[in-house]
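By written order: A, B, C and D. Residues from 1 in each chain.
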């Protein structure tokens, strides 16, 4: 399969995920609108963070596959695992929205589930990059040292989410904000610099 | 990232948003169908206006990016902000549908939220155009005077929505119709003339 | 705007519509599954007919735009009207599913609404074809006589749906099956013949 | 119609289906999150299996249409039938999620419905391949013997799902796991080998 086909399908999944996140936001006639909005702050926070996550995943996905010349079975399977983790994000966000201001143990579990989705994405990205470099699927040959550096740099992300999950045991809200900050940092560092 | 990738992803998001708007329309067995439809006029009005809004956003988005030769970090981020504002439209429309014929203060708040989404789209469009011209990302060089004219002309839209929101304090229904009229005007002015 | 951009966006909308139709089908724990399925036959009928409708719209849309060299404002607007009619199909199908086996006057109204969506699609298609031929947007020049023949042949479809709606006053179920048969006829006639 | 148009539309449908599967997963404030997750294991199992099914369908679809030079009416219709079967998967998954741990006769029926969707996909794939080879729509001519072998090899899949459905009469859970294993086998066998 050509990388462009894989990118087009992945783009489709990411576009649907980023858009259906909004289906978690609800208002209904009855109590006042302002009160309903105020009460839903965890749902709105989970929405904004998840929107940023999927946006950054989309940018990173293109940055990675721009370098790929051909796609093999390993890449296909790990890309599906990546899409699975992203597709579960609306569910993880629903959990955070429902439990972030509830019982502390439920809030921690909701954060842990959200963080596991994030960790799964980071691992899938790292494995795809590692395999592309190792199996020579890239557009140009990479020196061994360069490849190791890339994987380490990319894979470092996988160490961040467990820390954020741990922060969630102390303050689930801080952890949720933390997930948002991490993806904003990615956005600042990994995207092309302004001209 | 190439503009065509950015356009394809944005198209995907816009296509999903314009289509899932329909999920806000409900009928169910029980009371008569005619009565249910009549009672839902605010939901139907919000649906039609939002459909027109997303349709015009799609047309404007292509008109803008047709002129762009390359995309940098600023464009990426502001395009995500634009898509965020568009993605929130089904939620804003739900608010209008639920509260337009209810308590006046709720109706005004619903219109204000809808108008803020519209304003965010207009600002994001203006910033993208301004940055493309300033950073020389366009397909052909633009004179300073031309660039200033384009941004002013485009940015004028950002002054319209606060006025419509203000109208909503007097008549929320008139404001909702107003949002629809503004986008129809855009459609008439900004799209290519018939041959 | 190039026809391929318009086709890509329209394809996206049609792909989302044809897929979210399934969200109208429900089962839930409690009463037996077989009983729930049997009770939902109007929902399943509306699903199958609507799936066929969107599938045929997709085929016809490509058949039409394959002949178009450039797109102007009139085509853009009427294509949005076409997409609006298609996007309302899940709602019209929900009405049919909810009322087809209910009170006869509700069932007739549900069929009429469904038929109006179909009629709107047929009119939009005819207007687009008529305008493309009249304004010379086609890929090759067409003789006046050929153009008139094409429009008449295409526009004939607009006369069929009012008849089906009328049948619905006598038997709503027959009308719903009728909508399905009409699109299957389109499928048989308008698509390329097998080699 | 060109195969690439058909692939793009099919990709869109598959991307939407694989993503909206997540809408079947629910949690809500009230009882503890852990308890809600534990109780929903059939929904989660149905989700994971269905995600794998759609992922593999996507891979197989490209593998098949990569070999196709042109598309005729028969291919169009059978591709729509294939997409219909895939589009019904979220509904079939909802049935499995709701009834897998309920009354045994309901669980068997839910598995049978899920299996019928799978069988319909396998039949549609086989018919498309058979027709492409028979009508000479492939990119290169195939010998009669090669064609027969391909169809037999592909069509063998249609014999597997009835067996899994039969297993479901004995153990519905084993059958659901079985559907997942079958698609993982497809993934291992039909995708390009790693370099």
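Everything that follows uses one rule, which is that a contact is a pair of C-beta atoms (placed from the backbone, for glycine too) under 8 Å apart; a residue touches a chain by one contact, two chains touch by 3 or more.
All values derive from a computational prediction rather than experimental measurement.
Summary of the copy comparison: rotating subunit A onto subunit D for the best CA superposition needs 90 degrees, to the nearest 5.
Homomeric contact subunit C/subunit D is classed as different-residue, with under half of its interface positions used by both copies.
Between the CA-based centres of subunit A and subunit B the separation comes to 26 Å, rounded to the whole angstrom.
With centres set at the average Cα position, the gap from subunit B to subunit D is 37 Å. Residue positions of subunit B with contacts to 2 or more other chains are 8, 12, 15-16, 20, 23. Subunit B makes touch with subunit C in their complex at residues 7-8, 11-12, 14-16, 18-23, 25-29, 32-34, 48, 51-52, 55, 58-59, 62-63, 187-188, 191-195.
The residues of subunit A lying in touch with subunit D in their complex are 1, 5, 8-9, 12-13, 15-17, 20, 23, 70-74, 76-77, 80, 83-84, 87-88, 90-91, 94-95, 98-99, 102-103, 105-106, 109-110, 135-137.
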